[in-house]
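Below are two complexes that have subunit A in common, paired first with subunit B and then with subunit C.
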Partner chain A sequence: MKTSTRKVLDKSFTLTSYASLALMCLVIVLFLAPIIVNGIGAVVFRATVEHDKFLYETLGRESSGYREELEKSNAARKPLYEMMAHFEKSDNYGHLVEKINAARAQCLSKLESEADIIFAALDIEDSRERLEKVRAIADAAWSPYINEISALADDSLHNGGTLSAAEILKKQSNSLPGAAKLALNSLYEKKKLSFQQKSMLRRNFTSFPMSALAQNLEKLEQANAAYNSFKKGVAELLGPSTAAEKEKLNLLRQKYGQPRENLARDVFEQSVLHISVAEKDAEGRDVVRKVESAEYFKGTPVEEMISYMQKNMPQMMQYHWTVYLGFFFDNPYDSNIFGGIWPMILGTFYLTVGAMLIAAPLGVIAAIYFSEYAKPGRLVSLLRMCVGTLAGVPSIVFGLFGLSFLINTLRVSESKSVLAGAITLALLILPTIIKASEEALKSVPNSFREAALGLGAGKWKSIYSVILPSALPGMLTGIIISMGRAAGETAPIIFTAATSTGAALAVWEVFTQATPALPWNIYNMCSEHEMADKVQHVQYGMVLTLIAIVLTLNMVAILIRAKIQKKLKN
Partner chain B sequence: MNKTHKDRAKELIMDRHNSARKAFMGWLGRSVLLCITAVPTLAIVFILFFILKESMPFFDNLGYVKEFFTSTNWAPSKEAPHFGALSIFYGTAMVTIGSCAIAVPLGITVAVCLSEIVSPRIAQTFKPIIELLAAIPSVAYGFFALVVFAPILQNHGGALISSVIIVAGIPLAALASMPASEIAIGRLFKGAKQTPKTILRWGFAIAFAAIPLWAGFSVFSIEINSGTNALNASIILAIMAIPTIVSISQDALSAVGRDMREGSLALGSTRFETIVKVMLPCAKSGIAVAVILGFMRVIGETMVVWMASGNSLKIPEPFYNFFEPVRTLTATIAGEMGEADQSTGSARYHVLFAMSFCLLMTGMLMNAASQWIGSKKSGK
Partner chain C sequence: MMEKNKMKISEKTAFKTDDKDPPKNGKDYVVAARDFSVYYGNFHAVKNANVSFERGKVTAIIGPSGCGKSTFLRCVNRMNDLVDSCRTSGELIFDGINIYHPRLDIVELRRRIGMVFQRPNPFPKSIYDNIAYGPRLAGSIKKSELDGIVETSLRRAALWDEVKDRLNSNALGLSGGQQQRLCIARALAVRPEVLLMDEPCSALDPKSTSRIEDLIDELSGEYTIAIVTHNMQQAARVSHYTAFFYEGSLIEFGKTETLFTSPQKQATNDYITGRFG
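Moving on, here comes the complex of A and B:
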């Protein structure tokens, strides 16, 4: 090969390897950046008045300026609620009801007064002519009533009040068949009619206005469904409008509106500015379609509400920056949609410390045996090999082992418990602790041992008064790093300790109770939570908390190690 | 005098008694230590025993066993259950191979760079960064894969992958073209003049560079149906395996004596040649151990594959399609054990233990292999 080619190859290889280092850094940055940014967002964020309302009413914590905010937001919401109330309950339909009822009475009385004409029509020989005639009479008789109904429906569609109009029409369609029947019965008394004639009368004189009613009603119901969809969106955004309404609701997510600005904006966009409308598609199936509400409600009072909301969102929600440290120390409410993650943090703490308390003494003692007592031989190499093998067992297998041995066979607890999880995790981290402690013991210079023995100390005495203290920092490094590992492991605790919901445990409950824990709840929140996209800030917050715990532990370990190295150098 | 004799005798007896007690205590202490040291061994025995015990009811039934390894019909909760786990084994293999294909070259390159190329001071600062990658919990990686990476992959996957191929591929291909053209010239056109040689070199470079360009453009328009797929899981698993590979291969590389390196350099080889022809062959058993341990980390990983692989029970079509969702052994165990009736011991419960038995066996074999390689090295 030419020298120049070799040089180029050498240079470019150097470049490639630098590039791979840069890639590693890039990976770390790309990985940590979204988690840190969004995770901090769980604690520091733009809150709405609903967040403060929740804090005040559920946790009894009054944030500064809460009263003022509440007043302002209530004042901004009042016109909207008034508009809605006005829209829903129109007062000017009282006289319309009377008018409609009068029209109905008139029509029914007309039926009786025109009995002769009807009978005459029924006697017509030709069936088609007869039908036409009867229909014409019914038409003429009912038309004032139908006109009134249509007028009502149209009026309400344009000026609001479809809810009360639909109510009126419903009442009408309930009472109309009875009234019509009465009127027809009086006809039957006047003249004996055949069964066919009777049914013809019934069909034309009752079904005819009924179908007109149903048509108008359907129009109104459709408008109402759209309005209800809009109203639901408003309730999701702002929370229930009155205290009485709030009492009736069970779930916290219904009792309060959106607590965060980004969620509020999302809901406003998704559920208020867009509504879902049920329609029939080309093949007659019911489909739900999302439409723009401004377009859909064009020309009705609802349009005004929408534009009012668009203009006054900040006043209604009272956006403001807040630092919610309670995220770490509050219990979760309503599947983590409100509140914090305290039980998970505490559960992780119990599991980690429990695993450490079990594994650290065992690991340190085993390391002492390996480095101070063991003489090379079959037994020791077998023991050593088993430590290596244990380190290579997949973590999920530890979980299954914990389930079948600790819980189903030994019955350390009824079902999952922190204790079972801690033992499982302890087995998992035991090899790491043994190896690290052994390294630490090996790095103690032999002169220490000899000096201790020479001064007359026994073997055991020299171990615990000379060797252990000087190996302690190294051991601590290993123990702390494996604590970090135990805190982050998920697979071993799925079947032995973790539950997705639950309160924070007291110390004495750890022997019998399962606990929520950060790693498991992170999985649960983003894969199995019913409203996973509503709690994304909680997910990020939990991931950041877990990473912070693990990295802090590692950082401490690295610092200790650095100190040891410095000491060794000196 | 008698008295004193008697006393001395008594003292002597007491002394012997004491030393016997001391010896006994020493023996006792040592046995206790030994017992505690045997805890990992006991744990291994118990794990093997219990996993085997719980999977035995499944392996006893030979009809199931044949189906287990050959069929893809996985319907454990039906009235007449089927336990065909072929697609699950395939998914495991696919994700493992995919992540190793990314992690092994990258990990070894980083290790070489840290131990041979950059100054020790920089290597020292990088060590905590690599350790940081290793320390991050797997569920955090899984979360990243599911919540951050999967949507990106689903929406801009084609563009992303093609740009990676083009950006990384063209320089690498141009590099590879150099020795290739040298070899070709050396073999075929020994006596040719300078100009045709130059033309040939450029031709090689262009031809080689065209390959990643073509690959990149053909991938560009690809549609990815689901962001949670084999590729996503492979990439994230590779990131998790890299620290293991880096730190162990770095140790292996630094264990190679200075004499080898300096001898090679003194003979006039470049750093690149020294690394490829001397350092890597010398450290090959250590690097093999690193690869095996990285492989083990990948195959035993649960949360990432559970969250990122898509959990689909189909073998992708075509079989190398990394954009399809797959399912792995660990994800199946984690996902279905919650539903399987844990105490009554249904067939579904036992089949999951049979799966974990397969995992355990693979892990132990790998571990034995790595220890064997390691011991061979130290024996040499």
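Moving on, here comes the complex of A and C:
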């Protein structure tokens, strides 16, 4: 080959390798950057006053400036609550009730005063003409009453007070049939009427105002439903408005408003600025539609509330930067909406250390056998093959094995437990530890063995006093890297150890209790959690914690190896 | 059970090689090979060798690479047991008993026949612990007694003055020559009767080599020493007897001056005059 060709080949090879390295780094950065940024966001974030309120009331920790914050936010919220209270006040239209009742009494009295006209109308031969006549009379008789209630409904729709207006109309529609019946009865007494005539009168003189009432009531109810949707959004954002209201709630997530700025902004956008309205579509089916609340409540007092909130959100929520180290050390509250991930971290720790305590001695002993004692033969190569196969078994199979053998057959625990999970993980990492330890033992120079034997050491003595200490760094590296793998494994613990919720376990509980653990809870929280999109910061926080644990273990492995090697080489 | 079945070398009874002791010629042989052969699988590495190490003298074993000289030496303290395919025939007698007797206590044998290897192989421990390793194996021992052994051994190996201030530092921090002397001191610490040296200077510079040679000179008389070497000048300088191996066979064995000045065999002559090797 010519020198120039060789140079070109050399260069292109170098270039390719650099390019692939750069690509790998890029992928790692692209992959890690969002995790790191979002994961740190679980600890360092813009909190609201609700976060501090939760810390103070539930965990008894008062953050600095909490009282001042609370005061400010309460002051900012007060006008809103006042507006709402005013809007909801029940006696807005108390003074109109008399008027409406009077109109009704007047209309009913017309039945008597115009009895003759009515009877005349009933006597008309032609059925269509008769119906029209009766209707016209009823229309004329009821119009003052219907005008009153329509005016009430329209007024409340424009000026607020739909709640009390709806109350009045409901009462009216409850009492109207009785009153109408009384009036009709007095008519029946005056003249003997046929059954047909009676039912015609009843239909037109009772159901006529009833349907008008129902129409108006429906309008009001719709408006009320829209307002309630808005109010629910406000409660979700700010938390319950009074302490008494708070006491009644069961779930922690209903007792407090949004604890983080981004969540608060989302809720404000989705549940306050937009409301859900029930409507009927073209085919008469009920559908729920999201509409812009500013548009929907245009011209009503609610519009004022919305614009007030838009202006005063920062004051009401008191946004501020905070560092929540409790994320690592607090128990989660109410489906991880509040609190931290301590049980998961502790569970991962138990599982990993447990797996290591079981697998390390077994693995090292097996490695010593393979490397120092085993004479080549069929049995040994069979054993080696088994170890190799074990290393290749998919981790989910280990999980199934743990469930069916350890739990169902051996009954190491009643059901899932940390112990069963740790044994399963130990089996999973055993081949790695055996291989790494065997390599470490093989890398001990033969001259050490010869020297020890030459000085009159027995086989075990030479292994124990010279070979093991020299192989220690390699063994430790293998063991610690295996721990990293055990910490991150999900499949084996699904069947044997992991629960999605649960408290942190005490050491003596690991033999009987299942535990939450980082890998499983990451999966669970991202896919099966009821509030998956509300706890994204927890998801990222757990991912980052897990990565940090695994990387730390690997770093420790590297450091230990470096330190011991340095010591060995002076 | 195993322990009981093991026979101590001192109980010579069953091991006595009865009728035909090797010719003594009025000399005291510590180790004697009689028609001794070594095989690696089918390969006949040492062929019917007859060599004896006289008490208190230095015996050099020379020969070209692959002639079986190291193999022979490593058989004397059964270091070749580490090689699975290795087997022997004939007799190798130490202190009147057969080294390859199946019930021999190898640990005791190795304690009485020390070995220094081609490359210095101190343990990755402190200088003190390296020397103390052998004595500690023998059983619990008082600290003061151990200190005495360490000092004596290091003094005998002419290393004491160089390391007395840093006995607790790692042995791997010593130079190659110092490491090899440390290995000699370590071997001496178990008070062996025979010291086998397998090309002890081949990895060392000339200065260190000459120190080791001086050391061998000082130790002879007190210890029986067998040294395998590539270096004919070295063999001529340090040894009283020389054995010349060629292609697995012992070609010539005799007093060093005789062998180097008037070799009996043509092959010996060719080798020492540098025709091959």
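By definition in this document, the second predicted complex is superposed on the first by the 540 of 570 C-alpha atoms of A that agree within 3 Å, B and C clash if a C-alpha of one lies under 4 Å from a C-alpha of the other, contacts with A are read in each partner's own complex, and residues count from 1 in each chain.
The rule is simple: a contact is a pair of C-beta atoms (placed from the backbone, for glycine too) under 8 Å apart; a residue touches a chain by one contact, two chains touch by 3 or more.
Remember, it's a predicted structure, so these values are computed and weren't measured experimentally.
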### Task
Mind working out whether A:567 is in touch with subunit B, subunit C, both or neither, as first, second, both or neither?
second
### Query
Who does A:447 touch here: subunit B (first), subunit C (second), both, or neither?
second
### Message
Is A:329 touching anything from subunit B or subunit C once the two structures are fitted on A? First, second, both or neither.
### Response
neither
### Message
Which partner chains sit in contact with A:465 here, subunit B, subunit C, both or neither? Use first/second/both/neither.
### Response
second
### Task
Check whether A:188 is in contact with subunit B, with subunit C, with both or with neither, and answer first, second, both or neither.
neither
### Task
Check whether A:7 is in contact with subunit B, with subunit C, with both or with neither, and answer first, second, both or neither.
first
### Task
Report for A:526: first if it touches subunit B alone, second if subunit C alone, otherwise both or neither.
first
### Query
Regarding the shared-chain residue A:390, is it in contact with subunit B (first), subunit C (second), both, or neither?
first
## Note on the structure
Partner touching more residues of subunit A, subunit B vs subunit C, is chain B
### Summary
Residue overlap on subunit A between the subunit B interface and the subunit C interface none
## Note on the structure
subunit B residues touching subunit A in their complex are 26, 29-30, 33-34, 36-41, 43-44, 46-47, 50-51, 53-54, 106, 109-110, 112-114, 117-118, 126, 128-133, 135-144, 146-148, 171-172, 175, 178-179, 182, 239, 242, 270-273, 275, 293, 296, 299-303, 306-307, 330, 333-334, 337-338, 342-343, 352-353, 356, 359-360, 363-364, 366-368, 370-371
### subunit A to subunit B touching residues, read off their complex
1-2, 5-10, 12-14, 16-18, 20-21, 23-25, 27-28, 31, 34-35, 362, 365-366, 368-370, 373-374, 382-383, 385-401, 403-405, 408-409, 427, 430-431, 434, 459-460, 481, 484-485, 487-491, 494-495, 519-520, 522-523, 526-527, 536, 539-540, 543, 546-547, 550-551, 554, 558
### Query
Which positions of subunit C touch subunit A when the two form their complex?
77, 79, 82, 84, 107-108, 110-111, 114-115, 117, 119, 121-125, 133-134, 137-138, 169-170, 172-173, 183, 186-187, 190
### Task
Could you please specify the touching residues of subunit A with respect to subunit C in the complex?
375-376, 445-458, 461, 465-466, 469-470, 567-570
